[in-house]
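Starting off with a structure, shown below.
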Amino acid sequence: MAKGIKIATIGGGSSYTPELVEGFIKRYDELPISELWLVDIEAGREKLEIVGDLAKRMIKKAGLPINVHLTLDRRAALKDADFVTTQFRVGLLDARAKDERIPLKYGVLGQETNGPGGLFKGLRTIPVILDICREMEELCPDAWLINFTNPAGMVTEAVLRYSNIKKVVGLCNVPIGMEMGVARLLDVDHSRVRITFAGLNHMVYGLDIFLDGVSVKDKVIDLITNPDNAITVENVPALEWEPEFLKALNALPCSYHHYYYKRSDMVEKELKNAKELGTRAEVVKKLEAELFELYKDPNLDVKPPQLEKRGGAYYSDAAVRLIHSIYTDKKDIQPVNTINNGAIAGIPADSAVEVSCIITKDGPKPIAIGELPVAVQGLVGQIKSFERVAAEAAVTGDYNTALLAMTINPLVANDRVGKLILDEMLEAHKEHLPQFFHN
Amino acid sequence: MAKGIKIATIGGGSSYTPELVEGFIKRYDELPISELWLVDIEAGREKLEIVGDLAKRMIKKAGLPINVHLTLDRRAALKDADFVTTQFRVGLLDARAKDERIPLKYGVLGQETNGPGGLFKGLRTIPVILDICREMEELCPDAWLINFTNPAGMVTEAVLRYSNIKKVVGLCNVPIGMEMGVARLLDVDHSRVRITFAGLNHMVYGLDIFLDGVSVKDKVIDLITNPDNAITVENVPALEWEPEFLKALNALPCSYHHYYYKRSDMVEKELKNAKELGTRAEVVKKLEAELFELYKDPNLDVKPPQLEKRGGAYYSDAAVRLIHSIYTDKKDIQPVNTINNGAIAGIPADSAVEVSCIITKDGPKPIAIGELPVAVQGLVGQIKSFERVAAEAAVTGDYNTALLAMTINPLVANDRVGKLILDEMLEAHKEHLPQFFHN
Amino acid sequence: MAKGIKIATIGGGSSYTPELVEGFIKRYDELPISELWLVDIEAGREKLEIVGDLAKRMIKKAGLPINVHLTLDRRAALKDADFVTTQFRVGLLDARAKDERIPLKYGVLGQETNGPGGLFKGLRTIPVILDICREMEELCPDAWLINFTNPAGMVTEAVLRYSNIKKVVGLCNVPIGMEMGVARLLDVDHSRVRITFAGLNHMVYGLDIFLDGVSVKDKVIDLITNPDNAITVENVPALEWEPEFLKALNALPCSYHHYYYKRSDMVEKELKNAKELGTRAEVVKKLEAELFELYKDPNLDVKPPQLEKRGGAYYSDAAVRLIHSIYTDKKDIQPVNTINNGAIAGIPADSAVEVSCIITKDGPKPIAIGELPVAVQGLVGQIKSFERVAAEAAVTGDYNTALLAMTINPLVANDRVGKLILDEMLEAHKEHLPQFFHN
Amino acid sequence: MAKGIKIATIGGGSSYTPELVEGFIKRYDELPISELWLVDIEAGREKLEIVGDLAKRMIKKAGLPINVHLTLDRRAALKDADFVTTQFRVGLLDARAKDERIPLKYGVLGQETNGPGGLFKGLRTIPVILDICREMEELCPDAWLINFTNPAGMVTEAVLRYSNIKKVVGLCNVPIGMEMGVARLLDVDHSRVRITFAGLNHMVYGLDIFLDGVSVKDKVIDLITNPDNAITVENVPALEWEPEFLKALNALPCSYHHYYYKRSDMVEKELKNAKELGTRAEVVKKLEAELFELYKDPNLDVKPPQLEKRGGAYYSDAAVRLIHSIYTDKKDIQPVNTINNGAIAGIPADSAVEVSCIITKDGPKPIAIGELPVAVQGLVGQIKSFERVAAEAAVTGDYNTALLAMTINPLVANDRVGKLILDEMLEAHKEHLPQFFHN
């Protein structure tokens, strides 16, 4: 890394990119990036150019010697990269809209990460990620792969099990959002709050909550039994927790837990939303169009504030924070998706978990958590079973394995209905699922 | 056990008792019982007398020196017993009818073992079982407790965790029924078929299937993809498995898996049944009334064939077979609920599992299974979480813990709906749940 | 196995072969062997012929249609075999004599299984066993490999880790000898005694001892605190246990435990024996010469009683008993070396252990033991570490790894002395250790 | 902790105390101690006064408002303490001399932590520590117990298993010494070196070594194969490692590993030392006498440099560093003895381990290490077995259990010799082992 750091961002045309660039600019003093390669595919060329130009203007304004390259040539971008970040979306938001719409037709939540929607996002994404891994082995074997393409847990699991890349981290904005939410609730600075995170991606729990190092878990749980204090993310409709449930759970759930602890209510809500507002993908699509209109403005040279409504806020910032800590061997605590290594009892040592880690130059080192609370072991284990079977289906393209993944998903739990959804989704996503159609 | 074996049967007035007696008669040569104490409570006195008199006639016909005692004095029955069998039902079938009806009102399956119905059956049963355990410590500390009161898994878990009785076995007729079903399918004698069972009570899988020691799993799974070949129990409505699902599962599910792998279809079916035929409890209640009419016949001195339609067929026979193998140190293989001890990876060593065991005079010794298939680890873990939280709620009488158990149950998965069901069921079963109302 | 069973015995010229043949004759009714191939190498041709002719006379006397083939062509012997037994000794007894003599020069026990002697026996044996495994994959992929070449634990570990043969069982006569010793002590028939065995080969403990299914462990431990009641094997000099140690251990040690719980006394004793009587190998060599003189007698047509003094008594009989139980799916309990699969906590699931198993046509199924007593976990773990590092050294031929295995061995525990022993033994066994000299 | 921190130091009359005081003075800005209570027993009154007066002079010189209390009243010292540090020595150095001398008479190393000497130090110390724990429950239930009395691993194990105090940390100067040694070797500042520590107290390995976050393990191991580069502590005679052994071990051993990987050589060396120089205790006794002569000097008001030769250098500084990090929620990485919690595979989750931890106000959080290298699992497990059996013997005062601990110790490994040592040591330490003599 002598001559400055090279970053390759796959899916560089994403609307999130300005946040990424802003993060790099903010931390330039300690994270001297010399090259930022934004890669995209032909279908994303226009967006890549719009957002790439904005990136250039932002860097110019900051007066930093970071070269921004816009390219459709992934291999050129990967060559000698120090960090590879992945934020692409196979099939774009239209594919996500199908992930959400089709299951709902059968009364089932789509849920783009751990539900049937997530299954299909995984089936489309994992082969591409594994291709990238193979290229990384050849072109930048020492680079870190920082993935924030969803389903981040399943993708990390697949990389750990089916590639030779071991320097991989999966990233999510949910835990950081929970910490910021708690800080707002307590009316203190974010830096004073620390949550002990453990679980899986979008299935993570705050097992303990500290303010200046002293546990305030009971107080926080008490506070959030008041629905006005709910901590939510833009992507998930907010519903109120039953206070007695929350107290017995004795841990901070994440927004995505609504799908598993309020299943039938969420089905109703999403059916209603889909009808009245469109699904989340459809809403986001509009937001994105508006964002890209803004990005086109040749006078814009900062990240526009509207981006924060996009839902993935802090994702890119979390990525830059992580890269910064790895590069500087900072040894701070961050929640990321990494190999379990025994940190959480009951999850295989070689599986991906989302857990509080020390971030070193040698990668994230999970803090040993021990046993999850009895009441959450089951659901976490069930999503891990799902992730593993889904990853296998993505790699093998085996129909039966895909049906198995669909059926054991707790939002589906029905082999007959699962098959209906599977068949319709396979057909709808055919173009992006060659592994299921070419053999 | 010098002077002959003493058996104490709690819930002796059960309609199953004639099968138990028949089992003892058949095996008398190797299992020389001298005293059979049938115990019941005041409310069951009439049934106890009817079934007790039949038992006496059966033994008289067999010409065996077994003394049958009918009593409401549990302590007298337990005193110096060698085996204690438990087959009682707190609140009788009326309680079970509520366990089934109330959740259905909210669109949720009752499921008397691992669902909300099972939760309430556990809440009513566990305190009684723990009382029996305390009495056993005092009155017959060397006796074996053979429990076949449902939910047998949760009850065994509770005894292992919350009593000092370590000589406990939970028994179920489901695995033996699966073996007999496979034997019928293959048109061979039951003795030639052996299934490797692993999982939890009513959540057990046949991981491998042997005919004369050679695996025929693939063949059997292939056969049962034909719905005409379904292996079912009377208690669970039969629905067809998707063949591709079954092949990917690559294990023999039990009948109760329909609730978890065909959830929404089972809701519909049970709603329909409840409307047209009554719930299973209501059906059984009629069957039982008919059975007791038969039992009253002073000329009847054998187990009437009608009993086999009752649903619990082979339960009592399985119990006698187990007692026989313990008493004679037979070292045969039987599937029972016992302490895991590492046999199934991923389930706590001190939790109850249902697994193929060698039955010795020193109790059942589980065969080391290793890891469950990835796809089933999750669901099994989820039911174990549920069983453990439910057992804790039963012992503590804590409302919040009961709500937690209800909410994490995969058939409920909704804290709001769970609370509605919980509140209505607590009220309905108030009389039998003193631990929730007396503090 | 339609036309009768084919057995291939590698090392067929061994002095043990008559016991093997006797075992096959005794069990012929249920174990209809049609072909017995005794294989040896050129250097063993004479012994093979002597013992092979005796085998033929024994079978002729028994009037059974078993064809005995004597051959130096291992591939011909393996072709379509149903069971492959291995009882060869690379370098013959002269090599064992070096295994014992060289370490003693440095004040260290040789110990032909778990000591430096065992390390070298493993280094010589494992490459040959892995060759046999490769041939089995090609020539008899469905056969069972029944290994009783020492060090049986290390060899089984190596087959499990470094070959594709999964149908492998390691066999030892020590546990069966312990059961027979306890039976003699209690003056009862062997069939009434059952010991719960767990540990590793030559590092196995009787965790509980049953007479007719009832624990008599305390009584037996009490008995053997009397040195007149010691249970020993011919191979290991008997020394008295301290009664208080034995009571605190609360388990039945095997003879080989003297090396680890009486280390310095055993060094002295073996030094004295080596001087006065010769090492065990040297004693055995004389016994063997005498046996082969007996075997030559053309009138001898039964196993001569002198064989029982050889030290490995019951080895071959144990092998036949095991083959019999596998072939007939007998489901009896036998202690063998097999994959742990979670049966013993704290030992890797994929490592070999010696443990009580149910023997089925599908192989041995270990009984779940759970945790070993705290006091023995450490030593068992240490030998497992040694076995694994030693197996790696055998496969890689890496000098440093061999030195590591030598140094971590509890009988050596000295890198400097270990290096001296290693260097001298490598030189002495050069001919049989091509992997260390050819790269 | 509003009005400043209260420290209670049990064994306050120790020669280490000036280092402790120096540490507190250095960190006063962030660690505002208001009260330092130095406690000792009657026999230590003179030393307490000498060292206590020096402490007062040091604080006076620093101009800090820390009140130093000298007392024989332990309860008064514990009352409302925030941190309790333990550095006492039951029986003083005379007892240690016996711990070393007696085993050597039988050709066995004493080894004051993990050998027979350590066993007896544990038997004397653990009951006192458990008394302190009981008093802490009553007098300062929120305090942290920072133990640096040896054997620190066994003591921490005993507190975790046999007391209700969960806020306990065991501390050792060995790992910090290894890091400083590596820093010297690489000629860099200590702050740039970080070692991943895992194992047990005095049985800890450096699994990886980082310079500025980049692994330099291979380089360091290469360097220390040169005996001039050995990293040693004053307490353990230095011997050279065989380079090939070290390379295969592929981890940094600690000084105490000489006892286990150079056992017979260390016996010889210690026999020679004992004869020529006296045992370590005898050497230290002289050093201590000289130190106390220095301490008496009324003009001395700083820690004299001679203390660093004492052998326990950095112990007290490590303690202050730990207290500082806990108090300030510093979240830095320090190697300490704490509950394993799954961090090291194969060691019980509820046992003490020595491992790199993040130090928070909520205590040390171990970094998940996963599996130890195969070659070291065994020895680590053996010492853990020893520690657990020894702790049980200390608590129960059971002779047989003590003999079991003695015999399974890898330095003894002989029940007969173990009994001789045990009997002589029990007699020699009778006064301090009431649990073995009063029942």
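First chain written, first letter: the chains are A, B, C and D, and each begins at residue 1.
Here, a contact is a pair of C-beta atoms (placed from the backbone, for glycine too) under 8 Å apart; a residue touches a chain by one contact, two chains touch by 3 or more.
Fair warning: this is a prediction, and the values are worked out from it, not measured in the lab.
Asker: Out of curiosity, which chains are bumping into both chain A and chain D?
Answerer: The common neighbours do not exist; no chain touches both.
Asker: Same or different interface residues for chain B and chain C, judged by whether over half of the residue numbers are used by both?
Answerer: Looking at both copies, the contact residues mostly coincide.
Asker: Could you please state the distance in Å, as a whole number, between where the Cα atoms of chain B are centred and where those of chain C are centred?
Answerer: That gives a centre separation of 45 Å.
Asker: With chain centres defined as C-alpha means, what is the inter-centre distance between chain B and chain D in Å?
Answerer: 54
Asker: Residues of chain C that contact two or more other chains, please.
Answerer: Not one residue in chain C touches at least two other chains.
Asker: How do the chains pair up in terms of touching? List each pair.
Answerer: Every touching chain pair, ordered by label, is A-B, A-D, B-C, C-D.
Asker: Would you pull the chain B residues touching chain A in the complex into a rising list?
Answerer: Residues 107, 241-242, 244-245, 247-249, 260-265, 346, 374-379, 381-386, 388-389, 392, 398-401, 403-405, 407-408, 410, 413-419 of chain B touch chain A in their complex.
Asker: Spell out the part of chain B that touches chain C in their complex, as residue ranges.
Answerer: 194, 208, 210, 212-215, 329, 331-333, 340-345, 349, 358, 360-362, 365-371
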